[in-house]
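What follows is subunit A paired twice: with subunit B in the first complex and subunit C in the second.
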Partner chain A sequence: MRSFRYQDRNTPVHRLNPFPKLGWIISILILALVLDSPLFLLLLFLATLPLVRASRVGAEWRAFMKLALYLSGAIILINALVSSHGTHVLVELPGHLPLLGAPVITLEAILYGVAMSLRLLAIISAFALLTLTVNPDDMMLAMIKMKLPYKSVLVTSLSTRFMPTLLDDVDRITDVQRARGLEMDKGKLRQRIKSRASIVTALLTNSLDRAVQVAEAMESRAFGTGRKRTFYRDISFSPSDTAALAVSLLPGALGIFMGTHGYGQYQYYPSLSWINLTPGEWWLLGLMVLLLVALLPLAHLKQRVDLD
Partner chain B sequence: MKPRYVFLAVISGLAVASFLAPVVSPSPLGILQNWGLMSIVLVALTIVAFFFEFETKATGSKEIALIGILGTVSAVVRIPFAAIPSVQPCTYLIICSGYVFGPLAGFMVGAITALVSNFFLGQGPWTIYQMFAWGLSGVSASYLRRLNPGRRGLIFFGVVWGYLFGIVMNLWFWAAFVYPLTPRTFLVSLLNSLWFDTAHAVANAIFLGLWGNKTISILERFRKRFQWQTSGPEKRAAALP
Partner chain C sequence: MIKIADLTFYYSDTTQPALKDVNLRVRDGEFVLLTGPSGGGKSSLCRCLNGLIPHFYGGKISGRVSVAGLDTLKSSTGELAEKVGFVFQDPENQLVSMDVEREVAFGLENLGFTRHLIAKRLEESLDTLGIAGLRHRPLSELSGGEKQKVAIASVLALHPSVLILDEPTSELDPKGAEEVLSIVTQLNHELGLTVLLVEHRLDRVLQYADRLIVIDKGAISLDGGVNDILTNRYRELSDLGIGVPPLIRLFQELKKRDATIDRVPLTVKDGRALLKKTLKDRSPPADSAVAQQKTDGKALIEVKNLWYAYPNGLTALKNVNLELRAGEFVAVMGRNASGKTTLVKHFNRLLVPTKGRIMVDGTDTREATIAQLARKVGFVFQNPNDHLFADTVYDEITFTLKALGFSNDEIERRTGQVLEEFHLTGLKEHYPRSLSGGEKQRVALASVLVAGPRILILDEPTRGMEYHLKSELMRFLKDYCAQGNTVVLVSHDVEIVAEHAERVILLSEGRVVVDGEKHDVLSQALLFSPQINRLLQPFARYGVSSKILTVSEALDVLS
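Let's look at the complex of A and B:
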């Protein structure tokens, strides 16, 4: 479970401003949901790999991918079972099931499931990069800089900040309850839930006192009196960051263009055909990959500029 | 114009446009028929609308501190229960928070739970659907209060939200990855997670049945003690109207 969180490494990707990374995720999400063609989706997934490699979080990324593969199995299974639109019938299951009718598994449905798994893999790969390389604190700061509602972001960042503290509280309360003779892992499910819930109420009352302390601390620091707030820790926004942000949003714009003009689509049903791309579509495909990968040289460039 | 009306207009406008898209002209509005994309956009807009509402309603450090800490508590309690799959007390805590502190606080606690715990459990497109589903469970809990539900009502409510949560979470899975998009295929997608949703519903029932009233009275006492309300003493229902 530990591996699903931010990993502190010193790589160009980690050093990159959170904005371009957020923009890049949004672009991938748009592209993944707009595109339909298996070729486009495959290349979309592959285009996320250079950044993953450069950020040196391979082991943690693979843990994300394991989860994605499990979901992919569900996607392929459901599509194979529910869709009977294809013409190439592979298996005809006997009998009559509720909801499914007489299930027919077609080649088209399986290929559709595989393509949709690629869509999921691309999305999860991108989000894994976000989780693993963006420090939650930087994300909060980025949200404030984006002029998102300030109090909402403050609530969220307060909450992120208190997460480790309350985790320590949970450990302490658990130890106390054990010392008092409460056995967490014994008995039936109901018994186990019951003994664990004693942690929850203790944690709740303890934390409500913490909330009072936090409110007092905020009051004593004159929260809400000043018009313009200052920052103890700031994320800088240099011209190279602006350039990176612009570049990271371009693939998303390209995705919307392709969506509105019907590029990157593929007809799965009723019958499969060879993927015939027009020259224009080849260009779009190349452009998409190029724009997605372009964030990496920019990250290197930024690191060089910063070090100089 | 108040932000809430702008958001209402944009959300309903987009929803209507996506219905009209196939009628008017197929090519330029076609992207509005992409249900996977549209559901993400609409859900995200709804969350941002609630956040803007919180911005105007929450005035002091007390609300911010309370909601932040309640969100953290319900995010943290996902951890000791990780050993028992799908049994998570956060839904029950969010329901109790919404019940005591009102719809806006309920939504914020739910949304923060999802966002913050996923910094530690992994962010994904599911994050905004969790924010939405948990947020709405908090909102609806505050309206449940007006019915004076009692213990049985709370348990029933918990069971309903166990399944509703599953339905919301399956929505994006279905809209983005399944073809064709018909009620029948949606039901099959629901079957995919039926086991987990049932576990979630049963756990909610157990938590609300055994500790619902206790937790509510803890929060209630706290609210009275510190007067967590912004709008006059006569309005006793909630801290955040």
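Let's look at the complex of A and C:
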């Protein structure tokens, strides 16, 4: 649980201004939505790896990816069972499913599922990087700069702040109830849910008490006075940051170009074909990867420039 | 200056006033110590001073409150924030940012200060509290004492003229508490800040406070100079159930018996000087050894070569060997992270040894479940709130029995009995969380003891607890012990241990450093000894045993 939070590893990626990182995420989202070809999607995912490596958050990133892999497995399985399109039938399952008829598993459906999960992996990998390398307070500032309302942003940041406290509460309350003889893993599902209810109730009541106290403390430090709030810290924008932001948005622009001109597409159904890229598409693919990875040298460069 | 005139306040939906006809004036620069039973109105009074009452809480209020020239009824909490700094009990629940700098800047940002001014104030507050070294550290990595200092810095940054602290040390260990209190005194002495401190640990602050105010049942029941109250109005104070440091209790008793003692010392140093005068012209009494009790009951818990390492690799216990017998009252003491809680969590299998074994009443803990052990070992945690989740006191208590699979008749019988024993019968349909502090503690105890364990473990049960609740709990524990049961008390509270325990186990870095009768363990240490022992250490040459720990032991010898 603890590993899903920001950790300051003080790498160039950590020190990079949060806006280029946000721009990079937007680019990846655009590309993931626009592209269809499994080859493009695979490279989109792989292009996130150099940044992950450079930010030294491998262990935490893997925890995210483990979750993503479970999801991917589910997507592939469900798609294979539900979609009966495609001509290469691998298995014909006996029986009859309601609404779907006799289930067949086709090669096309499996590959389509794989492509969908590559899309998911690329997005989760990028978001994991964002979560793990941007200080939540900086994220808050970035959101405020993007004109999101301060109070909503604050609530988000408070929930991050109180996550560890909540986890401690869970540990303590669980110990209390176990010491009283509550066996949480005994009995049928119903029984187990009931046992956990005692812990959840205590936890919720505790959290409500906490919420009132936090509100009191904020009020006594002049929160919500109606005066215009200032911010002590700022996200400074050096020329190198502006450059990084521009570069981070380029893959997104490329994605829009590819989408509107029909590049990076692929037909899964009714029958698979070999991926035949035109020389133009090879160039686009290479350019996409290059632009996505370009943030890394820029992060290093920023450090050099800003030290001067 | 604080002026309160005819203040009466009702929380919404209550018919009992939380404060009733309060009149109070506090001069600039005064250090006021506020005490009284929990639920008596201390916190409500504090909240009236920075406008949380009525602006945050609502309710019905009459009378006038003015602080530094601002009428709190007419001013917003935002305006008052620049006059009154408020520090709350739980450091965890008053910090809203991820790191120290941002936390201190929070109030200044709310008030719309310029970046330049924030930078200046930030620097100044960090330096005043001596926490500049922590400025970039994430708050989650700080100790309780450090967090509380950050909280103080963050209100100090607003340049208040009054500082209110509502039990700021009750969640802290002794070291953290001492640091926080000494900073508070320093702020009063060096910066001339008016301080209103609600505190139960009187021994650390009495000597620095100018004035002592007791609030009970919503009214000020005692108000005066610290020295005056402790010397001349001690009866009134003790009738109100306010606990005073053992040093003062001792001298009050001596004063009754010996006319030459005409005042009460506030520090050990002063106490020694006073005592020296009276002891000088007295012939040394025969060496007075303190009677030592011995328990030789059957061994209920045996710990053999216990090693424990947490999953993250930290070795918390290193080769611990112990034997706890029936009828023993054992205190487990030691610094933070010395392994106290880790050790006792083994006794009911919340933790399983990495190496070695634990026998509880003849059963190897590895071969039993926690639920099976729950009938033998009760575990009471520090905060009674963690125990309470049910809708009624009755449900809370039967929950344990149901979880343990008792029959309905047996549940009925045991619950009735335990409700009676803890004086909870009248409260059995009440919602446990809305009870008073003492009642909550009784419900928590009852919900554990209803299973009929012969061993009771308590993890820091007295932290932040007021004096008469502590005494009530200790009286109960002694009765429980006298029936042949074993009490294991994890505590930082030297005075409580000195007064009530029999045996003390001292842990350090996961090892048992000392294990023995309390008089042997707690005497003749520097800070670790109880106040009375520190007082009497230099008088061994007058025949006063250096093993005396408590007021009653001292009285036996001195008079």
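Simple rule for what comes next: the second predicted complex is superposed on the first by the 224 of 308 C-alpha atoms of A that agree within 3 Å, B and C clash if a C-alpha of one lies under 4 Å from a C-alpha of the other, contacts with A are read in each partner's own complex, and residues count from 1 in each chain.
Definition applied: a contact is a pair of C-beta atoms (placed from the backbone, for glycine too) under 8 Å apart; a residue touches a chain by one contact, two chains touch by 3 or more.
All values reported here derive from a predicted model rather than from experimental measurement.
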Which of subunit B and subunit C A:G224 touches, first, second, both or neither: both
Which of subunit B and subunit C A:I124 touches, first, second, both or neither: first
Touched partner set for A:V91, first subunit B, second subunit C, both or neither: neither
Partner chain in contact with A:T260 - subunit B first, subunit C second, else both or neither: first
Touching partner for A:L158 - first (subunit B), second (subunit C), both, neither: both
Touched partner set for A:I78, first subunit B, second subunit C, both or neither: first
Subunit B versus subunit C as contact partner of A:V170, first or second or both or neither: first
Superposed model, subunit A: greater residue contact from subunit B or subunit C: B
First (subunit B), second (subunit C), both or neither touched by A:A59: neither
First (subunit B), second (subunit C), both or neither touched by A:Y150: first
Doubly contacted subunit A residues - partners subunit C and subunit B: 136, 154, 158, 160, 199, 201, 205, 210, 214-215, 218-219, 223-224
Contacting residues of subunit C [partner subunit A, same complex]: 50, 52, 55-56, 76-82, 84, 86, 88, 90, 92-99, 101-102, 105-115, 118-119, 122, 138-140, 154-155, 158, 345, 348, 350, 369-371, 374-375, 377-379, 381, 383, 385-390, 399-400, 403-404, 433, 447-448, 451
Residue ranges of subunit A touching subunit C (in the complex, touch as defined): 8, 135-137, 154, 157-158, 160-161, 164-165, 172-173, 175-176, 178-183, 195, 198-199, 201-202, 205-206, 209-210, 213-234
Interfacial residue positions of subunit A with respect to subunit B in the complex: 1, 4-6, 29-30, 33-34, 64, 67, 71, 74-75, 78-79, 81-83, 85, 99-100, 112, 116, 119-120, 123-124, 127-128, 130-131, 136, 148-152, 154-156, 158-160, 162-163, 166-167, 169-170, 174, 185, 189-190, 192-194, 196-197, 199-201, 203-205, 207-208, 210-212, 214-215, 218-219, 223-224, 256, 259-262, 268-269
Partner subunit A, residues of subunit B touching it in the complex: 27-28, 30-31, 34, 36-37, 40, 51-52, 54-55, 58-62, 64-73, 75-77, 79-84, 87, 89, 93, 108, 112, 115-116, 118-125, 173, 176-180, 184-185, 187-189, 191-192, 203, 206-207, 210-211, 214-215, 218-219, 222, 226
